[in-house]
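Below is one structure, written out as structure tokens; comments come after it.
Every chain is named by a letter (A, B, C and D) in the order it is written, and numbering of its residues begins at 1.
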Amino acid sequence: MWRNVAVIGVGQTKHGIRREVNVAEMIGEAAWKAIEDAELAPEEIDAIAIGNMQGFGGICQAELWSGDWFGAPGKPLLRIATGGTTGGSVAQCAIYQVASGMFDVALAIGFEKHSDSKEPGATMGLAHVGLANFFHLLACGLDFKTSLAWGGGVGAAAGVSGYQAANYMHRSGCKIEHLDMVAAKSRSNAAKNEYAHLQWPNCTVDYIANHPRFGEIVAYPLRLGHICPASDGASAIIVAAEERARSAERPAWVRGLASCADEENQMAENAQGVAVTDSSEQIQCKIAATKAYSMAGIKNPREEIDVAEIYQPFPHQELIYSERLQLFDDGKAWIPLEEGETQIDGRLPIDPSGGVLSTNAIGSSAMQRVAECALQIMGKAGQHQVPKDVKNAVAHGWGGSTNFTVVTILGDTPRLRR
Amino acid sequence: MAKKERKETIAVDGIWPVGSYSYKAPELYKELLEGFKQKRIIGSLCTGCGMVYVPPRNICGRCWRKIDTRASVSDVGTVRTFTISPEMKRGRTKILGVDPVEAGWLKEGERLIMVYVNFDGTNSNYTTILMNSKPEDVHIGMRVRAVWKEQPEGKLSDLVGVEPIK
Amino acid sequence: MRGKVAIIGYAQSYHQGNMPMTREDMVFEVAKGAAEMAGITREDLDTVINASNDYLDGRTISELFLVMPMGAYLRDYTKVEMDGAFAMFYGMLKILSGTHDIALIVANTQGSTFNPHQISTYMLDPTFDRQIGVLNDVSMAAIQARMYMNKYSVSEDEVAIVSLKNLGNAAKNPHAHRRMPGITIEEVLNSKLLYDPIRELTMSPISDGACAVVLATEKKARELSDNPVWIEGVGSSQDSYIRNRNLYHLEGLEKAAKRAYQMADIKNQFAELDLAEVSERYAYEELMIYEALGFCEKGKGGTLIDSCATFKDGQLPVNPSGGALSADPITATGLIRVVEAVMQIRGEAGACQLPGVWRALAHGQTGVCAQSNIVYILGGEY
Amino acid sequence: MKSSKEEVIPVKGLPVSAAYGWSVGELMEKFIKELRNKKILATKCPKCNYTYVPPRLTCGKCFAKMDANNLTELSGKGVLVGYTTAYVELDGNGNFRDLNKPKLIGAIKLDGADSTIFMPLLDVEPEKVKEVLKVGVVWREETKGELADIKGFRPIK
């Protein structure tokens, strides 16, 4: 990247169940907050990147209709959608829009409105990932019980997660209690984040494990209390070129970014076989992280990263990805978790915002990771601001059937020194 | 954590007929099911990287080429990962509007053990059910064998599941 | 901005109504085909960008199962849920950023999966227009066509000439879906009327198809290719939603074109462009596109087609490949225009080849009544 | 590149669909509820005066914010600016079906509004339709505060 680029504005809506607004209004809310945060006039936005997963909210290319709510008319707009990674991919698109030199200021928006679906958690939109495969399997005489086993995978992300958690626990030696710890940490952190959905102040491991409803194991080893909610919400960032970013008080400079795709987990198109036998391996995240760190000039992430925002709709994923982001030894992330290192006031806070476990508006989720990292660097995270000087922060997102990864690294100084 | 009063506006409805779509599948499953008829599992072998995909696949994305070599693989394998359902109870869930316990597809109180099995000589997981085992006994690395229907008819249900090798 | 971006490889499928090929295989063939032409392997791909749509493909995360066929295994990867021409823009941005050297863009749609016109209703305001239930992309186009034709006294014959030209041109294009040698005006005007004045032969067919291009930096392009085609200009713009838009003109396209012309330093389209490949989903739309691209004055699209200037042997041929009227695999259509323009510049267009093509315009669009547009100016080695 | 002629198996879906209920937001709710009283509401941008029907919170032209204070009532009369005669319609499952009797769709600019709405045109023969025809709302016999309260528009004197 030959040009320095920075995040100069962040906007988030309250995430949760938002039945009092329509999608367009919700997107507009986040976009205008970001524009105001960056102290820009709407005319100064040169390009827009936006994304969500359209099957959940039931609108095809929603930005065509809702564009008028966030100032899109007359501007070049790219719609990006990559599953769970969507928000992160959108943020990266805006970064490239500016880094290319074609535009100076770009607006990136991620959103989702799950509650517009009449099924709980927009299950049909989610099942739709593998619905075609499922129809094919049924036509080939799949029996009911095996269909449930496949069905675990038909729900793409949610389904493979139980299997993935078992894999990780097997190779790392981590226990369900550790998953409870991640969940409790996330939910209590979320209570300090005004935009989060599930805010459970001072949530304890005991509460997660022994609650009559949340404590129940719904797909071994995952409890109901381990699973992310289906939220409504939108988040946005403003990305600007160096000349413009210099006038911001404390911009969050983009220091590195990468994305990577692995083979699908569990099955390929038409339920063909794949050669991934351990979905907790996550080689694409290793690759993306290595690329992003090298671009950022970070040689020792454990020492140099001050805060991490990891995409973790399921608790074991916080552990897996913190290892893959080279923040901890392979299979050992549960030890620093036990020791409280990843708490807001710990040595290396992970998901001080409460993460995806507490708030999951799919298209917005990975965008929020970037936005939260920017807030931590800008020192504007409010109650969940980590009590230390944040020099480098890493934002992560996973998508597809956990086979896509985006990694974005933000810092308090520009990447290239002039 | 009490429920808060929420502001709400009215809603307007719409439908997305996902069932009205039509898709295309390759003939690979025909080959797999032909094998099932003889209680054999067919995979495809990429002659570029040696990966054996089960069920067969016709593109190897690693070598970025088409695969047309098939391989017959063992029906003995290893559990690579698993998940376990909660106890199935009448009235607990509905799948496409049907209560599976009421319909007799599952027994009251049954816990389903769902496994990814890596059949020997393959690089893939095959998704199926672990039979004749208790939830507390299942573990990663468990050796299992395919359980076939006595009279296979060339359907996916011919491979009923897998069971532990004693 | 630093450096230039070139197209060094391309491939497209044989577009059909119902292709006897799975989505995966179709994508594999074009992706691999484009890479082979560029002389690169999977390891050379710095980024892979897919253009497809979850609604059109009938799969949430439509690109999930395309990772392996596209050659994106362990590569930098993303999806643009718009026309492939927009995905190519993203590829270009990545290359211009200095972070990537080679990008593969793959666009695919199988219209046989589900009627894309039904899907167009899902693009409308769900709280109002979708509820009223009278609009879809065809009925909306019909309203626009009537407004435009009545205002500027454009006759149905003039619109039919566009179909005549494009479907006639397509007869020589082996990749086209609808090829109609010797087609007559009567045939067009007697084809089934759906929404007045839109008829079966004045709207695009529903096609299965895919298309891919390989982009490279100037350095890589010179290393790998003898005849790279350069992206000299690009411009894009989204218009307002149909309720708040001036439907008499394609103002979004006009803005996009202005940006592309400015970047490529084009002042006189007729003198400086050798041909244009445009995404006209409807015959009347091509006339409006002429106006927005500045090929003629506002309201004079009918006069321009009457003058035959945009025919194959005219002064500024438009859609010598047959255009979107001859094949319309939605998200691939715009990228196919780019590829057709590249083929002409490289002299590889076979029976469709025109003499002396140095510089061409390609256009892609997405949305009802061409709401979002992108325009490229492509040029060969001079 | 040649198209290989591999055989494919068609895969048909089961009769399932996804259902949605889009929350409409504050101003749109007012709009829909007021239809019961046969009133058509719009918002007028306080900055650029562009008037939106149905009403909305943000001006797409000048990006000014609007709220319930910017609501104005329209007469329900307007002019036809565009139209088409429909000979087919979509059945919701992706099929065009032929109509026994053609239907008319109009693009209407309501008096006092700048945006265009697209509505069924009633009580008029296709050959009689032309631009700048004056049209007015046709209400359902019993209005209930739903979008369906507007049956369409018909020519008026």
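One rule holds for everything that comes next: a contact is a pair of C-beta atoms (placed from the backbone, for glycine too) under 8 Å apart; a residue touches a chain by one contact, two chains touch by 3 or more.
Source: prediction; values computed, not measured.
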item	value
Chain whose average C-alpha position is farthest from subunit B's own	D
Chain pair bearing the highest count of C-beta contacts	A-C
Centre distance in Å when subunit B and subunit D are each reduced to the mean of their C-alpha atoms	46
Rounded Å distance, subunit B centre to subunit C centre (Cα mean)	41
Inter-centroid spacing, subunit C versus subunit A (mean Cα positions, whole Å)	33
Centre distance in Å when subunit C and subunit D are each reduced to the mean of their C-alpha atoms	29
Touching two or more other chains - residues of subunit D	6-9, 11-14, 16-26, 28, 60-61, 92-94, 147
Per-residue overlap in subunit A, given as positions that touch at least 2 other chains	19-23, 55, 58-59, 67-68, 73, 116, 118, 124-125, 128, 131-132, 135-136, 263, 268, 270
Where subunit C touches two or more other chains, by residue	21-25, 58, 67-68, 72-73, 114, 122, 126-127, 131, 240-241, 244
Subunit D residues within the subunit A interface of the complex	9, 11-14, 16-26, 28, 56-58, 60-61, 63
Touching residues on subunit B, where the partner in the complex is subunit A	1, 6-9, 11, 13-14, 16, 18, 21, 23, 25-26, 28-29, 32-33, 43-44, 51-58, 61-62, 80-86, 100, 105-106, 112, 114-116, 118, 122-129, 135, 139-141, 153-161
Subunit C residues within the subunit D interface of the complex	11, 13-14, 19-22, 25, 29-30, 33, 114-115, 117-118, 121, 126-129, 131-132, 134-136, 139-140, 142-147, 150, 193-198, 240-244, 247
Residues of subunit B touching subunit C in the complex	12, 14, 16, 18, 20-26, 58-62, 64, 66
Contact set on subunit B toward subunit D in their complex	8-27, 29-30, 96
